[in-house]
Structure formats: C-alpha cells, structure tokens
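So the structure is just underneath, and the comments pick up after that.
Chain lettering (A, B and C) follows the sequence in which the chains are written, and residue indices restart at 1 in each chain.
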Amino acid sequence: MTTAWRLDPEALPPLVDHHCHGLIPAEEPMTEEALARRLTESDTPPAPGTTHLDSQLGFAVRRWCAPLLGLEPHAAIGDYLARRTELGGAEAERRLLGATGIGAFLVDTGFRPAGPALGGPSPEGTVRREVVRLETLAEEVVAASGAHDFADRFEAAVEAAVEGGAVAFKSIMAYRHGFRLHRTGRPGRREVRRAADHALMVARLAERPVRINDPVLHRFLLWTAADSGLPIQIHTGFGDPDLRLAETDPALLTELLRELASTGCEVVLLHGYPFHRSAAYLAAVLPHVYADVGLTLHHVGARAAAVLAEYLELAPFGKLLFSTDAAGVPELYAVAALTYREALATVLAGFVADGAWAPPDAERVARLVSTENALRVYGMA
Amino acid sequence: MTTAWRLDPEALPPLVDHHCHGLIPAEEPMTEEALARRLTESDTPPAPGTTHLDSQLGFAVRRWCAPLLGLEPHAAIGDYLARRTELGGAEAERRLLGATGIGAFLVDTGFRPAGPALGGPSPEGTVRREVVRLETLAEEVVAASGAHDFADRFEAAVEAAVEGGAVAFKSIMAYRHGFRLHRTGRPGRREVRRAADHALMVARLAERPVRINDPVLHRFLLWTAADSGLPIQIHTGFGDPDLRLAETDPALLTELLRELASTGCEVVLLHGYPFHRSAAYLAAVLPHVYADVGLTLHHVGARAAAVLAEYLELAPFGKLLFSTDAAGVPELYAVAALTYREALATVLAGFVADGAWAPPDAERVARLVSTENALRVYGMA
Amino acid sequence: MTTAWRLDPEALPPLVDHHCHGLIPAEEPMTEEALARRLTESDTPPAPGTTHLDSQLGFAVRRWCAPLLGLEPHAAIGDYLARRTELGGAEAERRLLGATGIGAFLVDTGFRPAGPALGGPSPEGTVRREVVRLETLAEEVVAASGAHDFADRFEAAVEAAVEGGAVAFKSIMAYRHGFRLHRTGRPGRREVRRAADHALMVARLAERPVRINDPVLHRFLLWTAADSGLPIQIHTGFGDPDLRLAETDPALLTELLRELASTGCEVVLLHGYPFHRSAAYLAAVLPHVYADVGLTLHHVGARAAAVLAEYLELAPFGKLLFSTDAAGVPELYAVAALTYREALATVLAGFVADGAWAPPDAERVARLVSTENALRVYGMA
C-alpha cells in the first residue's frame, strides 16, 4: 500500500503575504476581551451570553497558536493567555510570526489605528513593502491642502508613492460607498473639484476629519491609481462592519474593471467571500484581474479547505493569490498562514487522490498561489 | 486503532424547535399525492412525468420515516403509506414525533390552513409556546376594527400577545413584498393610517380578506414588534412559492437591522438558503441578529451536512439555531429533526477528524445550536 | 467486507446532450495557443506569465483526453498535441467523441463562427437535432426583410423552424441585455416594430449587421417561442465574455417565467453557475422550469462532483438535465461527458455510502438526469 500524496511543506518557497496590516506593540498586555475583539469583523460587543471566541476563527487560534507557545492544540483560552504573558509579548510575536513561513509582507499602511505607521511585521530576513490606501492618501491631501487643486495634488501624491517604493494601491470603496456606480468612466476635473469641495465642507460642518465616500472621488482615485502602473487592490465581500454585503459583490465591478483595462493596470480583488466565486470568475474572463484568498480562509477556519476549493473552481491558477489580511495581533498572521497552508495541502491532496490532478501540477499550483503569482503581479520577481 | 470521535446522541439535551407550524388532524387519510404535496415548496402539480417525491426531501422521508414505522429504510412510498394506514394516523404521528428528540415546540400559529389554531405538535412531556405572525395579527386587527386607528389597535394587539405568553413575533415580508425597501425607519402614524386604509379599500374592491403587503405596513409591524421585547423571526430565502428569490437575500435587510438595533430587539433570520452565508455573516457582525437552519436542511436532504457546514463558516456558535419549520404532517418534523441530528454529527466529526476542533468544543457547540441558544434568545432558560 | 456501491457505467443508457454547438473541421491543425483559446470563456489573450491551460478545464483535458489518444493521464500538453497530430484530426475526433457515450446531440446552430452550419458532432449511430437560437433567427429575418413586418415574419420563421424539425429554441438575452427587465409581458406589435426599426437603424449607421439586444425584442422572441410548443433554453450564469454576471442570475427571471407559464411552454435554464442553486430552486417551484448542468461541470473540473451536488440540493430529479455546451474542438465533448459521468458516479456513491439514498434510487436518478428527462422534455421518447 502506497501512502497518499500530500504536498511537502518544504516544497513551498517562502510565502508572499500580498495584503496585511500593521501590528500593535508586542508589549501591549493581551486580555481575553482584547483578543476576542481582534477576532471579529463586528465592531460591537458580543451578544449577551456569547463570545466572539466561539467562532471558527476563535477555535482556529486555539488550534494553531497554542502549540506554537508550547501548549496542546485547543488549550483553553485562559491557559493560552497565561502562557502568552509568561513568555512575554515579544517572544510570543517572534514564535507566531516565525511559524507563518511568510517571506514578504506587503503592508496596507492606511489603516492607522491598527498599528504604528508602517508597522507591519518584519521578522528577520523578511521583506516588507508598502501598499498605499487610496482613500487615506486622498484624505491626507485634502486635509493638508484643501480641495482647490485636489486632483493635481492627488496625482502628485500617487506619483510620490510610486517613487517612494510602494508596490500597490488599495481601494476601500466597498465599505465607503459600495459597488453600485451609475458611471464608471474617468471623472472630469470639475466634477472632482466639486466632490472634493463637498467632502471638505461636510467635514468642516461636522467638525470631523475629511472622509472620502463619494463615488466621483472613488472613481477618480481608482483611475489615477490605474495610471500609476502599480496594481490596485480592491476590497470586496465581507471584512468591515460598515459595509452592506449586497453592495460588495465584485461582479458589480464588471463595467468599471473593463474600462480600467484601457490603462494597462492590474487589479487584485481582495477577500471576496461570500462572492468568491464571482471574484474567481472575473479573474478567469478579464486578463488584468486577479483574486485573493486572504481574510476569508482564517475566518472560516475548519472550513478553509472547502472554501479554498470554491475559489479554485474558475480562478486560473496564475491568477489566485495568498494573503493574510492580518492586523493587530500576531495570532492572526499565524492562523491565516497556517490555515492557508493546511487548506491548500488538503485541497490538492483531494484533487490528486481523485485522479483529477497530477502531483507535479499540484506542486506547481501551490507555488503559484503561495508566492510566484504575487512576485509577478507586484513586480518583485 | 481508536474509533473516530462522533457526537454521542445521548449527549444532546432535548432540542428546541424554535420555529414550526401546526399539524393536520392525525386521522386524515394520507395518499401519495397528498404526501407529495406536503414535501414541496411549489403550489402547483408536478411537471408531467415527474413527482414531488423525486427530490432530496422525498428520499429523506423514505430514509428516516420508514424505519420508524417498522419498514426498511428507503421502502417504496406505496409500502410506506400502506403501513402508515395499517398503524393508524395517531400511532404514526406518535412514533414520528417521538423520534425527533424535540422537547419544546415554538409554533407559528399564523399559517392557519396548516392546522387547527395553535395546533402545534405536543407529544407528552413537551413544551409548546406560541410565535405570533405579525401580518396575520395585523390583518385580524384591520378586519375586526377597520383602518381608522389601526396603529393604536395593532400596538395593543402586540402587547396582548406578549401578555398572552407569546415567545416571539414573525414577519413574512419576504414573500409579501420582498426586502428592497426605500426607507427603513419607523413610519409615521399618518403614513400607517393611509397604508392601512389603502389595504382595506383594495380588499373591499376585490371582495377578499385584507392582505398586508405594503412596505410601510411591514415596517410598522417590525418596529412595533421590536418595541415589544420579544425576538422577531424574519423569513429569508426560499420557502414560499410566492417569493422572488432575489428579493429575499437577508443581506438586503442590513440597513433595517442596523436601525432596529436601537430598540434593543433581537432578530432571528429564518431559513436563508441559498443566502445562508449572508445570514451567517449578519449574525457575525450584528450582535442582535441570529441565524436559523430550519427548512433548509431537510429540503436538501443528503446534502444537509454540506449545507450546515456552510452556515458554520461565519455564524458565531452562540448565534445559530435549530428549527424544523415543519408543517402539516408528522413526517416533516421527524425528517427535519433526524436530518439535522445526522448532519450535525457528521459535520462535527469531520471538524474533529481534521484536528480543527476538539471534541469538548464540538459537544458544546452541538448543545448551543440544538437547545441552549434558543433557550437564551427566547428567554426560556 | 463488501465493496462500496458505485454506479455501473454500463447501467446508463446513451446520454442525451441537450445543448451543444458545432465542431470546427477536424483537419484544422491544433496548436497549444488555439487549444488554450478554446478552453476559456475569456476572449482575450491570457495575462502575461499565465496560460489558459492552467485552469481546471486545462487540467481536465490532460486528464481525460490524453488516455483516449493512448498517452498517460496528465501528459504534458506538448506531448498531447504531438500525438494528436500524429493520429490526425479525424482519428482524434473519432476517439474523443466515441468516448463520450452520447447518443443524441441537440445542436445550437446559431453560433455560426464555431462551426459550419448545423455542424454538430455526429459519430455513427447517433442522433442529431437542431436547437434554433432566437436572436440569430431574428437577425436573419431583419436582415432579409427589414423591420416593417418583423413580428409577422419572425412568427412565421419560428413556425418554419418547428416544421423543419427543430427540437427547441434558445435565448441569449443573458449576454445581450441581461435579466433586469422592467416589463415581462408580451409586447405589443407597435412596440416590436419600433424596436426592430431602431435595431435596423443602429446597424445601418454603424455599418454592421443587425444585433438584437433590446429588451422589447428579447421579450417578443421569448413569447413567440413560448407559443411554439417547443421548449426554450435560456442561457443563465457564466459562459460568455460579454456578460455582466450580476445580471445573469436566473432568479431575476422569476416574474417572466411565471408569466410565460400561461402559454404552456417549458423552459430549461442553461448552465447557471454560480447561480446554479437559484436555477435548481426555480426548477423546484415552477413546474415548467428545468435546470441544466452543462458548461459548468467541465469548467470546474476537479470540483465537478462538489458542484453537481449543489444542483442536486433543490432540483427535483425529474427536472435536471445533462449537456456539454461543448463547441469547436472534440476535446470539449469528451471532457464534458467524462467529467459529468465521473462526477455523477462520485456524488451518487457518496449519497449511498451515507445511507441517504438507496442504490436503485441512485440508478434511476442517474438515468433521469443523463437521458430520460431530456427525452421527455424534448418530446423524443
């Protein structure tokens, strides 16, 4: 009897995490409540009698992280946190990040509250590059210089970001406005000026910082980023408490994606769940569109292999990318990477066991999704 | 070699069926055609050359119910009905309901044709509580007292229902109007009066009973129920021949659900299929929202474990609830409960076999979804 | 120990492929690039650094077709094409079509560029019947006789098609206009005339052939076909680079399907992915509606059993139909049929192994979906 084929973990090159966020300081004490809050996309306390730890992600943390700190898998959360304190945050972070097998982190630096500026993870020997969040950049431009020549200044800021070494831009239109756009073309300068004026006026009247959530400005940001030559990451599907899920289906972007193609840009549809089959479809029919598995896999935990397999129905194998979308605590990087690695190995083993795929093809696809597609798309090869 | 872990059926407390309907009289003779009609969500005869029994639900009835009447699983439907007649309807009902393991039935009494008033199942030793259908209650109020002071009278009726011991309210907006609402706030009294007047006038002109299907009235019913302190069950997804599926995605309720939160109410999204992942998402991000697996599981039959696993991707384990949504014939209660129990055991065994969950966690989640979440949500603990 | 039950391939009657397209001439030389282009729904070259062969369908071709030409499964594509050339296109076609087990091909002849007129496959001993594409027929009518009495002439053309032996009509409204229709009733003659005039004028101004993409005309075509007594196939879901996926959900057709029922017509919803659960739902609640698994299964390749199982959740077993939707190269017929046969056997074996289905039921459902449903729907029994 021969042993069934399974991906050799050593066969994978270091992963490229093409979309993640900053870490909070390692020394910050970690309570059960603080950890639970980091494991949910909700921004409210849990319902009475429930806890955010009673979720696939909560169980996955206990499964994957407890052994990295020297405990049994599925150790009680209290034991886990006691052990974490005992080791110290820095050592816990070192162990958790070290287990990910990630060799390069592309960090979205626009989500400031999640960590210090540019504070992505950087264990020794790893590469760290910046992903610039378009809305944050635009809000900084308006805050600094007003709305008057916003279009020019924003274009200059995008150019500066490229020159500063950014590897991609990112759009959060999904949870600022949603994807139902009446028009998708590049907006005119006067429209943009008017919209920027309006955003500034609203901010002043409300006495709060400028917030970009106008479709004209979202379109302008995307078209400007498209001209830059860097790939654009677009948040799609779940992943923020503000969003209306029905307006984040990437299929709603079809028209816009087709038009943006004229610039020669590349677009990576982030997350996508539960519309990940739509994202995979778009990656199949539009040559400049890619799909990402980040955030989804660790949130569905024990179901990660099942959901990853759904991405792999229509997505061309040169068009799917691993990421973590982890933010804040090192547990999320570990869980995201280990969930992904396990899910990938399980899915590929199933395809091979069914006779549907040959082992060398499975190994090649594993390298593409884990590393090589990202190196190619982000020009890091 | 150790045996793989599997949930001990004895480990489960009696199930709480938090949403079901009335039974037809047990003595009513049961023909193949009558049974087939009970197993479909269609309200028309089957296509020529086909039968409603050739479905997952039809096969599931033969699988689960035949042995309860002393036949082999998958006995031919003719043999099953002959045996059922031989035993007598009352004995068949006793056996079928007895096998469910359900200890409490929360009965939607608003669907009158399905059984005598309040005619939910009540085997000895079980608890029965009432779920009041908002639209039926409103139609009764208009029929009894006209539209003039409908708002006041409906509020009084809701209050009376609470005092009368109801445990929840239920909305069928999904198949009366659908979820595309232009406004979601609490409607004003004048609007409500106008809408009630209109509903009454239409009914008089058409010489038929008043039918609530106006978005203003649906909103009024929901906001009034939300004030009552009882949970609101909202039908979502498939489950009625009248509905337009694309308008029953619970994700379309996001705005309304967010606004209703201000009342402190709790909302249970019923059924949900094929949008059950959206329902699970809402349960994850909105603390006052819960999701239900009823109706779906027995309709998908052999696929129940696969579909239950999809609910369990994002739904927090303290937010998912078992129900049958059974109506009319005792076979549906038996099939729904046995399908659920088998699917739950299969899904949990898979999670444990993969190393993703620990057995004690699996047992705890089984108790939550089967019983404890419902006891907590409906204040029956 | 008994061997697990699995469908005996010999137990299946010859398959009815109720929806396929024409073949290119067998002698046309086949390059890697030409084959890759046939394996994608995209109409553009692949992204730099990628190939359309790195997809489930690409892998499935190497899995299923290589052995039919005498190579190992998963042979490299270069070796496959060399062997194909060595054998000659005619012999390759003979082997590939011969392996499908298809006994009847219903050929959509409206997609002219895919093959010579009426050029569906016809290995010896097989039946070939015509499916008439409504838009192509209408465009021919306008091109030949102008818009003036288009409605009369189109009705006559439909009647002639029926008399000419067509077995069905087909609508491609999905990728010409999409399914968001403001009105769904039968349009009046004046409206139709106006819309035909407009289509003709646009074509003349643009100096290109007439193109039907107006909702009034699509509705007229469907209502006219519905009167013919032949079933109507409607493209739904993915399957053409022109479509906007969010507008091809068959659930959006609910209203139209309900109204068309008054004619007594039957409607087959083609493909459906990723909305195949919606298609199955419609087949469950509307007696005149059927669902098709074609195109989807071979595109998802290694995932075909998983996706076929999703169709089988709600679709009544007398309402689901096999097809290939193959076009152009014989590889697609072979891959589609072999993927389907394997997926069907796998799904049914799973249902039986779980105790959910009995083997005789599984065999009967296999015959229904593979052959008997199509014979009944298309009046070929």
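We adopt the following convention: a residue touches a chain if its C-beta (ideal position, glycine included) is under 8 Å from a C-beta of that chain, and two chains touch if they have at least 3 such contacts.
Everything numeric here is computed off the predicted structure, so don't read it as measured data.
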Where subunit B and subunit C overlap in contact partners, by chain label: A
Self-contact between copies subunit A and subunit B, residue sets same or different by half: different
Subunit A-subunit B separation of Cα centroids, rounded to whole Å: 37
Contacts with two or more other chains, residues of subunit C listed in rising order: none
Footprint of subunit C on subunit B - complex, ascending: 40-52, 54-56, 59-60, 62-63, 73-74, 238, 241, 244-246, 273-274, 299-303, 306-307, 346
Subunit A contact footprint on subunit B (complex, rising order): 249, 251-252, 254-255, 266, 277-278, 281-282, 284-288, 309-310, 312-314, 316-319, 350-351, 354-358, 361, 365, 368, 376
